[in-house]
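Consider the two complexes below, in which chain A is the common component and chain B and chain C are the respective partners.
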Partner chain A sequence: MNQIGKISAGQLFTLAFLTRVIMMLTVDSRVAGGKNLQDLTLSALCYLGLNLVLILPAWFLHRRYPELDLLEISGYAFGKAGGLIALLYAAYFLFINGYFLSNFQLFMQNEINTQVPVWVISVALLVVAAYGAFLGLESIARTSGFVLILAACGMIFLLVTLNQELRAENFTPLLYDGPGQTLQGTLLFLSRSSFYCVIPFLLPKTQGALKCRYLFWNVGLCLFFIVMIVTVCGTLGPVAGLQNFPVYTMAALAQSGPFQRLDAIYTGVWVMGLFLTTALDLYLISLCISFLWGKIAGRVAILAGAVLLVVGCNTFLASGEVVAAVFGIQTILPATMITGVLLPIIILLAVRHKDKTTQKKEVR
Partner chain B sequence: MKGNKKRLIITAVAVVAAFFILASASASGGQIQLDDRMLIQGIGIDQEEDGVLVSVHISQPSQTQPVLEQVKGETVLDALDKLVQRSGKVPLYSHNLVVVLGKKCGEEGLEHYIDFFVRYYEARPSVGMFLAEGTAEEIFTLKEGEEYVSPEEIARMGQGGKTNGWTVYTRAIDFVNQLWGEGTSPYMPVLSVKEGVVEVTGTAVFHEDQYSTTLTPEESRILLVITKRLTGGQIVVELPEAGKVTATIRQGSAKVSPSIKNQEPQLDITITCQTEISSTENMDLAADEALLPNLEQALASQLQSSAEETLQKTLREEQTDPFGFGRQIMQEHTAWWKENRENWEEWLTKIPVSVQVEMTVESAG
Partner chain C sequence: MQNKLQRESPFSDSLLENLVFFRQEFRDSIDFVQREFKIGDTPAVILSIEGLIDKRLIAQGILKPILDAPILQLDGDAKLRYIRDHALATSDQIQVGNFAEAMDKLMSGFAVLAVDGCRFMIAFGVQGFSFRSIQEPSNEKAQRGSREGFVEPLQINISMVRRRMKNPDLMFERLILGEKTQTAVALCYLRGAVAPEIVQGIRTALRDAQLDTVLAAGYLIPFLEQGGVFSSVGISERPDTVCGKVAEGRVAILVDGTPNVLLVPYLFTENFQSFDDYAHRPFYATFTRWLKYLAFFIATFLPGIFVAIGTFHPELLPEPLLMKISEAEASTPFPLMAEAIVLHIMYEIMREAGLRVPETLSHAVSIVGALVIGETAVSAGLIGGPTLLVVALTAISGYVVPKLYEPIAVIRLVFIIAGGLLGLWGILLGFMGVLLNISSESAYRVPFTAPVSPFGFRDMKDVIIRASWKILGKNPEMVQDMPGSHVKRGRRS
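And now, the complex of A and B:
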């Protein structure tokens, strides 16, 4: 039984896994740096290794102050200036969700060409996500358990039906055009790893065997990426490099008896992952704003964040060119690394310095 | 109590918001009714002087037979858009079963005709592709009795290779992979009109995206067996002691072993087939067992001869590689391939190829 206000390690990393799934679903040759998507299997392995290292600042912070989240620690370390860190994180969560949502909208406009206006779908998604954020972390974590079952069933069905479409001649040798694409793929995965920023907030609210679950999550995620990439490449072949959403095209080829063209599974899994990511990030935005201006301001921030996302993604972020310029890897990667890795290091060093200073004063 | 009231308010707001969203979704667009849709099931494309002629079979919900429409345009999609002007209905391409391209399209180069089927969001990459011996219009306007040859029938013909052992099946995605992938030449089945009936008569092989040659059914069988797609078909041989013997192929496969010796590639191909006797001119079943060694030898000899002729025609004469030998060399001898891929067509004219055939007659029927 979890303590009130706390989630289990299993729930935390279920949430982590599902929010990372959308990273894989939206990979294409433009963002991956080349048409040999197979090299992303090596990127997944590099990403696995880097994940184990880059999480260390957040882990050391948690080990030092197991009951305090990042904002509380930064408040202790920097005093009132710690509020700036809260603002930075709130801005980052808004930014990264704008990226994920605008990507989803572009998909709906270009690949689905839905009769329903895309903004209506975004509003629906954000209303549900905001509701989840209002209910809190425990509700989001419990929902992730159900979603995992649905998503896993859908993805397994898809992969099993696609087994017959795999062709040996569709594969190209790894590193065929050199290591450039592997590097680009690794940077792409890192840039989309908003979970580095989420973890320092959630670790104090989690109980259970964290190290074990974290390792299990990482390996599971890496294996999932590799299986998806191999299936995409084996099914689509060189055509994968020509597609905007190759995983979607792959799903359109899946068939099993009367079940044909299972691209709806792809859309469903994406929506589920996006809902969880958005709900969690809106919740974290409310934590950041609450830290500065109180609980009511935090609640308002959920609505404000949702409105900003809808408005932003349907106005200046409605164009593919703008999305590519604003959310290019040259922007997202520094944002994620600074917020997710560098800031925790700075806070950790500041806290250590503060502790030493405090100890010296006490000795005197 | 206060918490419950708050929760109730939040739930009520959520319900109202959901209702608003559902209402917006329906009012703003919603579903297009089936009667307002043009269910396109087959598309035929012919090159014209000033663009393309597109022949389309459209399925109507109230009728069992497709309706034929023909439109001209500068490009395929431009022509298809003109269908909307005639009927006011919104075309639905996702149920399209076949694409038939006229011979002239093949001779000019297929890339700009098929780009629509790979790029357009609604077009499915799994649609079957065919090359017409004459024009696609001929195929689509042909009536057998009172009815057009339906796209379902044409799609079924394309999958007949599972039974007849020589019809190849090419989807749009397969063609583009063979075109864009290194070390392969694309191919697709050929449709002809013979005595008022549409049938598959061979396999068109392309040099990049331009039509190069047509393989006969026997040559197409070799293509299928070397690409490990042979699952049926009949071979007829004549033995002095038994007359004509028909053997049914149960399973056919090939092991292609490329090797590089002294910086020169060579190919060793071993074809294996399991067959069984389906009919002979001699009904003495007891004699069948004695036939087997001679029969296996005769079948192997016939298949070997056919393989050598097919390889001569495709590799040496046409400098095409529908078997994907180049791709296999790319996968297994990448360093050599990277140095020599630009000259692969030249290598096709001189690469040593050895073919071994092992036939097994598993039963006498």
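And now, the complex of A and C:
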């Protein structure tokens, strides 16, 4: 029997996998370096190793207080000042989602000649994502189960179709241009790892074999990254480095039977991943706000968050230059590391200190 | 209020006073029958409702034995006790102590014997009303299964279930619902298999239902489900299906006067299961199961995808196919979305008309639909041939999964509009919305989408495939054991 309101470890990491998949699908050659994309396979391996280490602060917090989320623990550690942390996290989720959404909008504007205005698609996406956030974590997690099946089928079909396009001569030796590309790729992956910030909120709402599933998820994610990079490089060769969205270019080359282009699968998987990420982020924003001002404020925050995202992404984040400046690795990486790693460490130290002080008082 | 209090009050020992009450309640209704006679010198009466009872049974089984019996007792109370214990041979007799009980029995087809000087009455089960004979259910036919379907009287439906499940743990619980109709409803479940929380939840939901009338099982559905696009309450007309579901830990709700039995909790994947699946060989059953999944996707998404691709993404189609479609659509005056919506609505109108018109006229409706509207609209250049083909294929596919027809018909229209306005983006986001909606539903704390999400590998033996009975028989799928379920199986008391 399961506890009400909790999701299983399998669901948590399914959700995590799908929201991370868009990291790979949206690899931008300009941001990733673009000299030798094949080196990103090494970045994926480094990312795997770092994932195992950087998750530890959140894990230790969960082990200490298995029933409390990060906000409740920070409230215990800092009292009213814990509210500031809630605000900080809400701002981060809004920021990182703005990054993912504006990236998607730029892709739509520059790569796809769509007859539907991009802002209309964004609004529709945010309406559905806000609906998901209203329904709550269990609904989002269950939806991710279906999306995983669809995404897996789509990606496997795409990769099998592209198999005949792979050319051995397209591959170059690893680290041919030095370790710069690997480092850049690792930083890119790390900067987009909003999962570190999400997991301290979701662990107390999860039951099941967490360690085993986490390892499985990490290895699965790394394998997915490697397979995608190898296919992109093997299909496109040096051209991959010149593409804004090399995975999309690769998907556009694929064709099967009556279907002339299979890039619809790529965009479909991206939209599904983006929808889940947005729904989850809006849900977490509502958690942060309801921690401060109650449940109704949390519900309003979902709508307010969605409106802010639409307006922001269609006004000052509408141009590529602004997006590159606001959402460069130099801004996202520190934001992710501070909220995902540093803050949990500070909270962990603070609660340890508080527990020790309390214990000493009790002994006296 | 005063009337209600009076009904709950015990009988008077004066037969006349009791009869006055009954006459007042029935207000000289023509079907209220009272046969007065004497037992020795004591006045007595048999009350009944015309049309609900078997008159011959009353004459031979009640009146004759009473009149023939050597009743020597002097006071009415002793006389009726003697009759109850020694004179009558009827097996179904119940002692009633107040007016409410007596009225309930009368309206359920019992005859009530009252004797002057006695403060209780005896009700005899002499039901003899006419009803539709047991037939094969027209909405749920099976190639290899029983030909019996539920009928209207509750008691007969109960007996049909009991006959198939000879198990003392099979329980039937009676509830009376509907302020005005006082409809009898039976909860049917298997003790030890069902989760007690589920039974309690259903009981509470039904008792709390504020209804004046309960004339069909459908009246109760809103009180048993969460209200998503797809219903978490199943309906069946087949006793064998109901027995199968009850054995898996579900509760069946039988409503007097309707052949439709409600099944709770009912999961999304069950809409694709039919009785024949379990009677056919596994490989064929698996094949038909996949056909149903495919038909569901065609019925729901095909018109929307067709409109989306035709309007916004023609580059996805191979050139020869694209040329054919654009050639056909070039001569029509309406956009693709308008065509699809009009055809879809026209089809639904014809379907509704087909359901309501007398059988003799249904052929005429089909001819008008197929020839006049379909053929003529295409040849007149009002509607494109490919659109008509897509809508026709969609309509036929909808009948492969009849349990989902209602939601499919509405969602299809939504997807046509989404595809026509936003292209494949609209379809995809609409699909996400539907997924979210069904994922948020729980059927009495069992996830509606189980065992697909939350995923249960063991349960895939009746979802992805239909495994052989050698496997299914070993570990029957209990609804409360589904992944993500918040209830657990009860113990046999």
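Methods note: the second predicted complex is superposed on the first by the 363 of 364 C-alpha atoms of A that agree within 3 Å, B and C clash if a C-alpha of one lies under 4 Å from a C-alpha of the other, contacts with A are read in each partner's own complex, and residues count from 1 in each chain.
Simple rule for what comes next: a residue touches a chain if its C-beta (ideal position, glycine included) is under 8 Å from a C-beta of that chain, and two chains touch if they have at least 3 such contacts.
Bear in mind the structure is a predicted one, so any value in this text is a computation, not a measurement.
K.L.:
What is the contact status of A:N110 with respect to chain B (first) and chain C (second): first, second, both, or neither?
P.N.:
first
K.L.:
Is A:Q330 contacted by the first partner chain B, the second partner chain C, both or neither?
P.N.:
Neither partner.
K.L.:
Applying the document's definition of touch, where does A:T357 land relative to chain B and chain C: first, second, both, or neither?
P.N.:
neither
K.L.:
Please work out whether A:R261 is in contact with chain B alone, chain C alone, both, or neither, and reply first, second, both or neither.
P.N.:
Once the two structures are laid over each other on A, A:R261 reaches both partners.
K.L.:
Output check: A:L236 vs chain B and chain C. Expected answer is one of first, second, both, neither. What do you get?
P.N.:
Only chain B is touched by A:L236; chain C is not.
K.L.:
Considering only touches as defined above, state whether A:A124 meets chain B (first), chain C (second), both or neither.
P.N.:
Both chain B and chain C are touched by A:A124.
K.L.:
When the two structures are laid over each other on chain A, which of chain B and chain C touches more residues of chain A?
P.N.:
Touching more of chain A: C.
K.L.:
On the A-aligned overlay, A:S8 touches which partner chain: chain B = first, chain C = second, or both, or neither?
P.N.:
Once the two structures are laid over each other on A, A:S8 reaches chain C alone.
K.L.:
So, A:P173: does it touch chain B (first), chain C (second), both, or neither?
P.N.:
After superposing on A, A:P173 lies in contact with chain B but is clear of chain C.
K.L.:
Return first, second, both or neither, reflecting whether A:F275 touches chain B, chain C, both chains, or no partner chain.
P.N.:
So A:F275 only meets chain C here.
K.L.:
Quick check on my understanding: which residues of chain A belong to both its chain B contact set and its chain C contact set?
P.N.:
In chain A, positions 114-116, 120-121, 124, 127, 131, 261 sit in both the chain B and chain C interfaces.
K.L.:
Any idea which chain A residues touch chain C in the complex?
P.N.:
On the chain A side, the touching residues are 1-4, 8, 10-11, 114-116, 120-121, 124-125, 127-128, 131-132, 135-136, 138-140, 142-147, 149, 258-261, 264, 268, 271-272, 275, 279.
K.L.:
Quick one: which bits of chain C touch chain A in the complex? Just the residue numbers, please.
P.N.:
Counting only chain C, the residues touching chain A are 312-313, 315-319, 321, 421-426, 428-429, 432-433, 435-436, 439-440, 445, 447, 449, 452-455, 483-488.
K.L.:
Residue numbers of chain A touching chain B in their complex, please.
P.N.:
Touch list, chain A to chain B: 110-117, 120-121, 123-124, 127, 131, 134, 169-173, 176, 236-239, 241-242, 249, 252-253, 261.
K.L.:
Considering only the defined contacts, which chain B positions touch chain A in the complex?
P.N.:
10, 14, 17-18, 21, 24-25, 28-32, 94, 118-119, 121-122, 124-126, 173, 176-177, 180-181, 184, 324, 327-328, 330-331, 334
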